[in-house]
Amino acid sequence: MQIILLIFDKKIEMNIEEQIKKSETRQVKVVFKNLINDHNTLFGGIALQWMDEVAYITATRFCRKKVVTTSTGKINFKNSIPYGTIVEIIGKVAKVGAVKLEINVQIFTEEKYSSLREKAVEGNFYFAAVDDNNQPIKLLD
Amino acid sequence: MQIILLIFDKKIEMNIEEQIKKSETRQVKVVFKNLINDHNTLFGGIALQWMDEVAYITATRFCRKKVVTTSTGKINFKNSIPYGTIVEIIGKVAKVGAVKLEINVQIFTEEKYSSLREKAVEGNFYFAAVDDNNQPIKLLD
Amino acid sequence: MQIILLIFDKKIEMNIEEQIKKSETRQVKVVFKNLINDHNTLFGGIALQWMDEVAYITATRFCRKKVVTTSTGKINFKNSIPYGTIVEIIGKVAKVGAVKLEINVQIFTEEKYSSLREKAVEGNFYFAAVDDNNQPIKLLD
Amino acid sequence: MQIILLIFDKKIEMNIEEQIKKSETRQVKVVFKNLINDHNTLFGGIALQWMDEVAYITATRFCRKKVVTTSTGKINFKNSIPYGTIVEIIGKVAKVGAVKLEINVQIFTEEKYSSLREKAVEGNFYFAAVDDNNQPIKLLD
Amino acid sequence: MQIILLIFDKKIEMNIEEQIKKSETRQVKVVFKNLINDHNTLFGGIALQWMDEVAYITATRFCRKKVVTTSTGKINFKNSIPYGTIVEIIGKVAKVGAVKLEINVQIFTEEKYSSLREKAVEGNFYFAAVDDNNQPIKLLD
Amino acid sequence: MQIILLIFDKKIEMNIEEQIKKSETRQVKVVFKNLINDHNTLFGGIALQWMDEVAYITATRFCRKKVVTTSTGKINFKNSIPYGTIVEIIGKVAKVGAVKLEINVQIFTEEKYSSLREKAVEGNFYFAAVDDNNQPIKLLD
């Protein structure tokens, strides 16, 4: 978080570290039949929808302003997610710029009848804070 | 957790305490337009659906067996949940019987542009562990 | 219905009996694949959502005022509901208080290729009538 | 029902009349925000989906065999269905042929805060009974 | 399109031909598990919903006015649509009246692992152009 | 498409060009209320879900084999997509490797009551062809 060290004094930085911690967002779900593709694994599009919702909440919780998704980075589907598994989607603030917020989102799968857990999908989502006319504003006051 | 103290020795109990901690389940969501009733607040039925899913995951994570909902207790809708708020649904193991598992589920609302947070809905869900023929089995081996 | 006998004269009571009869609400559905959990039975959360919608309509039809769910009583899942069966959700006014309305909701399952029918789920839902500021008002004028 | 009189003896006919009465199917719903088009009225496609589900259940309840929709007749949208109204979809057997079943489906709207009720949509759906290889079979044995 | 020839001069007609060509609308989808009935084929009601949405877009693109579905003609389900196939829904303007627009909609199925393609469903949908008070207006100025 | 020139002879290449043309996939939709976020614009996650479905169909149509999403590239949300607009999602094969297929997906918005059309979202999706055990296989035989 060097960037932050450079642009903010100690006190604000500590608030930011605390905001980052507080804004972490988790969503645990089960892969039911209405969510799977015709290979009996989670439809990739649903995974992306979940990731965007979690990223959006994380970003909103961090700056408490109206935010919009401006782009995503590369999103890797490391492992397919089988029907019936438990998944946890976790969103964390990865980098705080003046007007651009980077949120890292990971999806972990968890076997229902063991506690085996592994990362299945990972990617970054980028947000801007906007005013009521959707014009970009500063992330932090 | 007196019941547990009576029926299990120290070592098992500690595992249980740990299992209870590990099985806590959280789901954070935003109340979008496809989830609201015609009073512009979260449709109660959706809240119940979320609570049941979170309770089901919590119960599964606790005993790592096939579980089924057998009943709910009284569920209180303390506050209505307005359109656009962030909600967090939290499931925790409340009581462990020989064949019956009590899961407490709470829904908290969080204003998007402040960090005000209050409890909106709370209730208990009861689960039994079953074998492949849906016959009840012991929760813990 | 003693309560009613005490608080209303004969004529109003008869209207109420008629209103109760008129407000009975039925919803027949088929359990399709987008509604089932990973045990191939109806996801309990969907059953609760259906029950709340039917209860809400029954309550609205009874008092023709804006109503909100205030709580549920114990809800029993007597039998699981297999994929592919027909279900009928029935809502009836069970008790009329001054400001609190009790709606009983039952779910019956019906085999598609026989006429076997049995009760699967039952519970009560409680409603209050509210004004436009969501302040409680009398159920009946 | 002349057709029936010609092809069945008195006793069977009475069973049919009874089957027709028993197979009548009702579904009451509220038009929530996830069901409306961009004119704030019920999306016509959702109305058609509800009608087909109700018709399918009515047909299944009548002959207790696997049935498939073969066609619809003209479907009239007499009145648009505003957001927030209660709707009741009613399916009834209209005609029983040797291999073709005609189901009449009507949608009525009901104002939430009055008991005004009027027909909004009406149409017929046609079904055939089929065996496991989807080959047409007799409706009645 | 004789009707058109009679009621419009050459120049307008050409615009219409061009508008008809431009307004053709295509929607390609895959039949996932959340869309199938309990015979493992596409739920007829979903097919009707898709057809209505495509017809609505085609009609809107043609006259660029607020349109409402007034009725459908006979809709034929020639072949059932198996789970996992690709389907293409195609909407085309079939006839242009003074106040009534006829849209023809076809659903084609396409095998995923061959290029076999055949028509599965076909029907016509009728639309009227309306003003903000839902009063019928001319389709073309 | 130099890569292709290097690895395939003229005849195959022409088939590929034809396959690419044939596999182009279009999905036209209207942004209804069940699809929007709490800023009254299309929920970004829904846009990603649509793009993945269109990319998946394009990839399947191109190689007629079982394909899985392996990753996405950067996805740009150039313009937000307002409630009520028509959108067209277009998928095209962008690059054909030995085992990796790049699909470009664009979303265009179209005003309902004019023909104004502009690009709103764009990104690339990457697919691999796999056998029944989800082991990677050649895209083309």
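Each chain carries a letter (A, B, C, D, E and F) given by its place in the written order, and its residues are counted from 1.
As a convention for this text, a contact is a pair of C-beta atoms (placed from the backbone, for glycine too) under 8 Å apart; a residue touches a chain by one contact, two chains touch by 3 or more.
These figures come from a predicted structure and were not determined experimentally.
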{"item": "Required steps from chain B to chain F (each step between touching chains, minimum)", "value": "1"}
{"item": "For chain B and chain E, chains touching each", "value": "A, C, D, F"}
{"item": "Partner chains that chain A and chain F have in common", "value": "B, E"}
{"item": "Selected pair, greater C-beta contact count between B-D and D-E", "value": "D-E"}
{"item": "Euclidean distance of C-alpha centroids - chain A vs chain B, Å", "value": "23"}
{"item": "Separation of chain D from chain F, taking each centre as the mean of its C-alpha atoms, in whole Å", "value": "39"}
{"item": "Separation of chain A from chain D, taking each centre as the mean of its C-alpha atoms, in whole Å", "value": "45"}
{"item": "For chain E, residues that touch 2 or more chains besides their own", "value": "30, 33-34, 37, 43, 53, 56, 66, 112"}
{"item": "Touching pairs - complete list by chain label", "value": "A-B, A-C, A-E, A-F, B-C, B-D, B-F, C-D, C-E, D-E, D-F, E-F"}
{"item": "Touching residues on chain A, where the partner in the complex is chain B", "value": "22, 25-30, 53-54, 56-57, 60-61, 64-66, 86, 110, 112-115"}
{"item": "Interface residues, chain B side, partner chain F - complex", "value": "30-34, 83-84, 112"}
{"item": "Chain A contact footprint on chain C (complex, rising order)", "value": "33-38, 43"}
{"item": "Of all residues in chain B, those that touch chain C in their complex", "value": "37, 39, 41, 43-46, 48-53, 56, 66, 68-77, 80, 123, 134"}
